[in-house]
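Following: one structure in structure tokens, then a few remarks.
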Amino acid sequence: MANVTLRNVRKTYTGGFEAIKGVNVDVADGQFCVLVGPSGCGKSTLLRMVAGLETVTGGEIDIGGRVVNQIEPADRDIAMVFQNYALYPHMSVYNNMAYGLRNRGMAEAEIKTRVEEAARVLELSAMLERKPRQLSGGQRQRVAMGRAIVRQPKVFLFDEPLSNLDAKLRIAMRVEIRKLQRRLNTTSIYVTHDQLEAMTLADVLVVMNGGQVEQVGNPLAIYEKPATTFVASFIGAPPMNLMSTRPEEIKSQLGGAAGEAGIVGIRPEDFAITDQTPAGGVALPLTVEAIERVGAETFVYGSREQEDQRVAATPGELPPGEVIVRIPGTEAPAIGQKIRVAAVRAKLHLFSGDGRKRIEA
Amino acid sequence: MVEDEGIRRYVAHFILWIGIAIVAFPVYIAIIASTQDNALIANGQMSLLPGGHFFEVYYQTIFVGTSGSTREPVGNMMLNSLVMALAIAIGKIAISIISAYAIVYFRFPFRMSIFWIIFITLMLPVEVRIYPTYKIVADLHMLDSYAGLSLPLIASATATLLFRQFFMTVPDELLEASRIDGAGPLRFFWDTLLPLSRTNMAALFVILFILGWNQYLWPLLITTRDDMQTIQVGIRKMITTTDALTEWPIVMATAVLAMLPPVFVVVAMQKLFVRGLVETEK
Amino acid sequence: MQKQAIFQSKLLPYALVAPQLAIVLIFFYWPALQAVIQSFLLQDAFGLSTSFVWFDNYVELFKDPAYFAAIVRTFFFSFAIAVSSLSFALLLAVMADKPLRGSMLYRTLLIWPYAVAPPVVGVLWIFMLHPSLGVISRYLRAAGIDWNPLLDGNQAAGLIILAAAWKQISYNFLFFLAGLQAIPKSVFEAAAIDGARPMRRFWTVTFPLLSPTIFFLLVVNIVYAFFDTFGIIDTMTRGGPGTSTVTLVYKVYSDGLLGGNLGSSAAQSVILMIMVIVLTGVQFRFVERKVTY
């Protein structure tokens, strides 16, 4: 059992490229920490630095009170589940799990007990003698998990372990992983680019972008109060509507309350189709461009008459001038119809003009 | 497709059988000749059907040899060829796989220089440097030895390149998982990389064995003693310039025996052979 | 070129490359260097003194009509062997690529001659076409041909080309078949729907798509004809009659065997080296594949 602390961790490659620009994260003992961000944000690099597969060029990584910067991966007391599972193709399931234990000189009887216990938990008992190529994707994934479990490490590291599975299996395994981690109560760090996976798994969510941490915290707290426009548009699907406060139409509605805010964000579900204008809130006239009816809810894509000059800056963000509204599945305006949507004051997210700072009004 | 039906298909079968006949005919003649009486052959009276001397010809070939100047049993020549072919195949695979491992999985000063030093040998077969190589081997007192027969033929880059190429396709995560599982460089090589390379090694072995068995010019030069002759050299010495003395049934039996092991390997291990051939040419 | 995931070790990698490096340096670079040095030296008849003569050995070689003839002959042999073997192998491969019953059997029956060694090839063919006892020679004589390759240089050359091409059929067949099988069948189907008849389809679709394989095989066959024909020539004609089947490699061998001019023999080796390097370079440049040795 251990906590993991990253203190001002940096990674600069020999070419001068700075992959990690000073990251501070604290994962308490037994917590499930998820690193999430778009591809290239440095989340995998950071995880591999914790594993000892990448050298640390600045700062400290501390596992269970011991600085591990210079320690070999094998001696860090961690286990890792890789995206492609990295199972040894020529070894049976049993040997895949036993290999790391044998290398440590553990007695065969003890190895047997541990492997069989892990196989039982993961429902692999019937296939211990099979080779990885004889297993389905989900089974391979479980063997990779088993290989981590038998080690009984201080920390589990997961590098996008579910991204090679189909959608249905991914959801099932997601639940399994969470249950397993709860039961073993082992500190875990999990990397994913899927914000839904991140939200559902994390005790602590770390949103990364461009080699830096954008925000750390409880997933719901982050959803409720994103610290930057990047977090606002990355967490939550469909993404938050972000609009410039400059056009007269919005500025006048916000009044003085907006203060120095340059950007206002409203989540699709916080809009309602209404003719009223809530005090201090925002109301917009829209032309319905497209409708997606998915049953329980309906997404309305509307365009604003007044062109928004803000340039889309972050992945997942909407093109300027487009607004998504989420309404109950029973309602549906017609395409081309002119509607009016509004959000109350309490549901507005205000950010500085560069999107780097949240403003609490 | 529809047009592959009917008459066209018979034409294809016909052409293929003609090809097979052309390819097989010389060997058929050799097998027939190896069962016949030398006097009959020398008169140009050879029959195109098997004769009755099969056992005596092959017995004499394998255990006695020709009655002429080089009385060397072909059995012994085959043994020499076998040792040489195995030494070349195994030696090449062994030194190549470890050097490829070093070049792919380590970063060290002069890595690229060493790679190029090995790589360039790809371009020059032993034939073009034959006498200087002969001199080195003579200076090292390796004439008429298995080491002299095989070592200069081990010096080549094909296998190194093949293994390098294969190692590049092995996912990095496998090494990372091994490191986390506490395996060092030698253990990773032995426990993971070597077992994964089994098919490649087997395919390469098949090709190298055939190439080794079929070596001719080099053994011709460096073997002076009859008991160190390989079968390819031996067969040439059996053909005397004065035709009358050539014992054709024994020559043909030797030819059949010289073909037997490599042809068997090609037919029995066809999959590995094709794979090895295509891989080494890539 | 190299992995991202690597091991750290100072000495181990050197220990791992050492055996190969040692063998390559001793049996490859050292002799090659010797050949280059030797080619600039002239030894007197008794081997008592040597002097540095710059390019004299090379100049002598190119002034020697026998050497020039050997170059021309080698190239002629190479092209004749390559073209005849390639065209026959291509015909067989196109037939074997059709969905025929027993196509695996055909493949097996056509590829095994790859394993027959050049000197054995020589023995097989000289036996069949031997002037006095060859089984085919009988029919040639009956047809009124004055067949005696042991005396007639042109016939000897033809015999060498025939035997060498025969051996190479299986290799070419195998690569042509692989090349054909790599072409998606839908391309042929599209061409058929576009109204191309089989012969036209071969020349307008199959042949162009196969051209990388053809070029690759052309180079491999030429290199093969340069070197591997040695065993065939040595068992069949020993360069004769006269010098009518002496190729460059055979000349290096026979000149050296006579023990005469070491400098000239070395110069011949160096010229051969340059030729192979050029051929290999061409192959790398245009096909991005390499020769096997």
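For reference, chains read A, B and C in written order, and residue numbers begin at 1 within each chain.
By our rule, contacts are C-beta pairs under 8 Å (C-beta built on N, C-alpha and C of every residue); 3 or more make two chains touch, one makes a residue touch a chain.
Model, not experiment: these values are computed from the prediction.
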Chain located farthest away, centre of chain A as origin (C-alpha): C
Between B-C and A-B, the pair joined by more C-beta contacts: B-C
Between chain A and chain C, centroid-to-centroid distance (C-alpha), Å: 60
For chain A paired with chain B, centre-to-centre distance based on mean C-alpha positions, whole Å: 57
Centre-to-centre distance between chain C and chain B (centres being mean Cα positions), rounded to whole Å: 16
Contacts with 2+ other chains: residues of chain B: 173, 176
Numbers and ranges of chain C residues touching at least 2 other chains: 5
Of all residues in chain A, the ones touching two or more other chains: 53
Chain C residues touching chain B - in the complex, by the definition given at the top: 2-10, 12-14, 16-17, 19-21, 23-32, 34-35, 38, 88, 91-92, 95-96, 98-100, 106-128, 130, 132-135, 137-138, 166, 169-171, 174-175, 178, 188-189, 192, 198, 216, 220, 227, 230-231, 234-235, 249, 252-253, 256, 262, 265-266, 269, 272-273, 276-277, 280, 289-293
In the complex with chain B, residue positions of chain A that touch it: 48, 51-53, 72-75, 78-80, 82-86, 88-91, 99-100, 103-104, 147
Of chain B, residues touching chain A in the complex: 171, 173-174, 176-177, 179-183, 187, 191-192, 195-196, 198
Partner chain C, residues of chain B touching it in the complex: 1, 3-4, 8-9, 11-13, 15-16, 19-20, 22-27, 29-30, 33, 41-44, 46, 48, 94-96, 98-99, 101-108, 111, 114, 117-118, 121-133, 135-137, 151-152, 154-156, 158, 160-161, 167-168, 172-173, 175-176, 184-186, 188, 207, 210, 213-214, 216-217, 220, 232-233, 235-236, 239, 243, 248, 251-252, 255, 258-259, 262-263, 265-267, 270, 273-274, 277-278, 280-282
